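Right, one structure below, let's go through it.
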């Protein structure tokens, strides 16, 4: 957080400044929508390693970060990507081969963990997962937790309701807060001060931003502060949480950005094909990520302007009507 | 809650249906803004008694309900009304004379209590009030709580952080959930199904709605469902929580309604003058509340159309520019 | 009788479980189609509801994920995950929610595994994980579960218990502190199972036309009571017409 | 030297406490004016912030309550109470918040009473209560407190402890589990007090021109160290000009 008036930075600078080897990070979006893909590709390009990633259902973004070799530990609720991958492919491979370590939560639990971080509380309660292996099976041992000051000392704790039977709830599960070093979001609009506006569903983006030590906002459009302030009710990221603002048109591609463009089925299917085969995937990384200078370069290799036209959102519905979606 | 397609009711019917002697209720708004005043006057008119009112800073609304003799118990954070009353007048009198009983919380604590109710959790944590009399001094005894199934068994509970020093928080205060029988809000726009749209600050209205067994929405304008659905991001009251929708133009008067009208200084000052004197206040109730059939009648006695013109909101700022505010 | 395919039978079997006034939590694919079919056939005042935060979306086109922009268009309200799960855990609204889930494994009491086959730390097969599945299964009074009828899926012991069903039976949920409810019905490619009111054990309630009880039992690792089993009524012409013409005209799911 | 009124002295004394980059939580009246003065004079990148949920409101007209529609117009974001208090309890943003509070009573350690005089259940005088006062005092590292310098207000023992200062001194906040911080400065109609770094006891830091130390002590029930007291610098012509012309041209507060 800071209260500076102008936080606009180049993407490569923002990533270099706030994402380090070993950082604990979270990314916005959900499965195939509004993942901060440009920022994720830049993390892969910069060869950042050993990230601890906190994910709820961060489908495409999480899978590419894992595939890019950037992630060593992962708290996750859902490693799937809608119709494009019932289980995310590089995620599955990495877990099965033991190249990343993982701990499972539910989507609400991850959401509560970010919310707890945003509230400055050590935990929040839920009844979700009582009696399940989410509660009983830990991915990270008590010893590892004790050694790492960035980890809570326990996965979750079951507690009797101290208010007796109040709210007909005999027991609660306490889920511990997350405080990422940095949260990276892609939003539709932002101003240079860092006020952000998300159109459509916010997923857990707002809680993720407020829980983090630093926030990088990539945005479709950098707009005048005066414009955003005409409708302050619609601005959901307060600038006081934000450190860097980076205008990146199509910054969520190949995932969707409501009101701007749809997900890119061709790109997602090509990724799925590559991800399934280690050689193809290596070639994908070499050519599409490391072989491109920036997100513009990535888009140029992925169908360029013609593809962008195909997935352009209809102004009425916010998505590409009648898009062939594979 | 219900999922009916048409929930439009007359105000008198909605109050009669959902607000009973002894009900536990909460009202929306904050001090001099967006209190559901028409509904409050109707509660007074119907002579409903023995209400348990949950208030954060529900200034004018809480004070008139108390003055109207409707309230016997009150959980409150702030009984003030901005510049018009540093301490709300009938509230102060009622507490000092022992005609209502009261228990104090902070604004955040009341907010968390509604949020806990909305989440279906018995409590939420905070560090607010450690070491204070908010924590130590109870308004309602353990015995009274034990007798009343609608009250939590304790005011608040201090607990050591079960996650050790996680989030640098050695201890937390657990504040118990509220589940009102009914929450009454005044919003700018609603459709017949009960989707509500609040313009400007939402205060704690959304949490109050979601925590309640029943919700009455009064609104400035009843609009077509299709109109509200063109911008679902801006709708903050989901219809599944709502039981009754009541169109009441100027339903927040004499408090403000952002984008529609300002608070009415003449009416507020007249109220202050009456509230300070028991005889004047009795006369106020007789003439302005019991002597009027409905909110239109109340407005007619309070300056009518000419007054409405004076406080009409400027379309740019949302309030009455250069209004003489006493 | 009109011809129909198996997925149509399964969709209609699920749609029939949805009552007017229900708030339907589902994923994509067949569960979304079942919710759409119910709304158009038997439960016009049911409400579709997504964990991503959209309520009562219009769905002009079928979404391919619960985060698809297609769920955002013309919804009643767009919120986020916190709103959605809070509504399901809420003691008022949550009691009206019916969940629709799928899984890799299910046991006798309707507990589900969507996480791993084999060892948790180094699994033979890793699946997507809970998502909102564990949440909805923990909170809500009724759940519909879609399963493939296979021996490796109807197992005596789950490799990992992701989403709670009736846990160890009878009083399992109450003892553990979960909300009353749990799975109501399991719909497979061969049969419909329900749960005994007392023991909470799964029993065979129905088999599709042309399927024998024996075939079903051969595709399960555990035995179930079959004494209440009857043939499931096939989709009516009216149900099929609405399903095909109104719900999935592009055949994206069917 | 230019003439000024007491409220201008108090406002400027408070404004000088606000640093660039501070997020200022205040009420209405003089606290809001101090925040506006700081932003216009010495802390251009400070941010005004209301418990009702508005951040960095433009304030074309002075609001008469923190819920006044005037705080909603051209704000950076409009939210609600939950957002506002969450931001103050947040371990990152909360550490940049400076609170401005007032009270009916204050004690040696800066603890405040805004609830009752007399017995809690049947008080002699009932005040408004905590509002967000207890919250901000519990969470944030620095607080400015406005007080009238009167014996009945600077008391040995509070009738009710609404908002925590340094509690029982030295280690009081840490022992109780509160966040580090607490009141920084008390600004009255006669003087400026601060708190000793170790004992956390209030001491007299400054007196306004024309006021004697003796006068101040006569208006307190408890004794304070006066050995560090010096005359407070009066408002400069520049400070006064901005305060009068930019912050409160209609003289609604001054």
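Note that the chains are named A, B, C and D in the order they appear, and that numbering of residues resets to 1 at the start of each chain.
Operating definition for what follows: a contact is a pair of C-beta atoms (placed from the backbone, for glycine too) under 8 Å apart; a residue touches a chain by one contact, two chains touch by 3 or more.
What you see is a predicted model; the values in this text were computed from it and never measured.
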| item | value |
| --- | --- |
| Centroid comparison with chain D (C-alpha atoms), farthest chain | C |
| A-C or B-C - the one linked by more C-beta pairs in contact | A-C |
| CA centroid of chain B to CA centroid of chain C, Å | 40 |
| Mean-CA-position distance for chain B and chain A (Å) | 37 |
| CA centroid of chain B to CA centroid of chain D, Å | 28 |
| Junction residues of chain D, two or more chains touched | 54, 72, 78-79, 89, 91, 139 |
| Residue list for chain A, restricted to those that touch at least two other chains | 119-121, 126-127, 167, 169, 172, 179, 200, 233 |
| Category of the chain touch graph - line, ring, star, complete, other | other |
| Pairwise chain contacts under the document criterion | A-B, A-C, A-D, B-C, B-D |
| In the complex, chain C residues that touch chain A | 28-29, 51-54, 60-61, 64-73, 78-82, 85, 89, 91, 115, 120-135, 138-139, 160-164, 167, 172-173, 176-179, 252 |
| Residue ranges of chain A touching chain B (in the complex, touch as defined) | 116-117, 119-127, 152-154, 157, 159, 161-164, 166-167, 169, 172, 174, 176-177, 179, 198-200, 233-234 |
| Complex contacts: residues of chain C adjacent to chain B | 20-23, 45-47, 54-56, 58, 72, 74-79, 83, 86-87, 89-94, 96, 139 |
| Footprint of chain C on chain A - complex, ascending | 29-34, 56-57, 59, 76-84, 86-88, 91-92, 95-96, 98, 101, 104-109, 111-112, 115, 126-134, 137, 139, 158, 167-172, 200-207, 256, 258-259, 262-263, 313, 317-319, 321-322, 325 |
| Residues of chain A that touch chain D when the two form their complex | 1-5, 118-121, 179, 193, 195, 210, 212-213, 225, 228-230, 232-233, 235-241 |
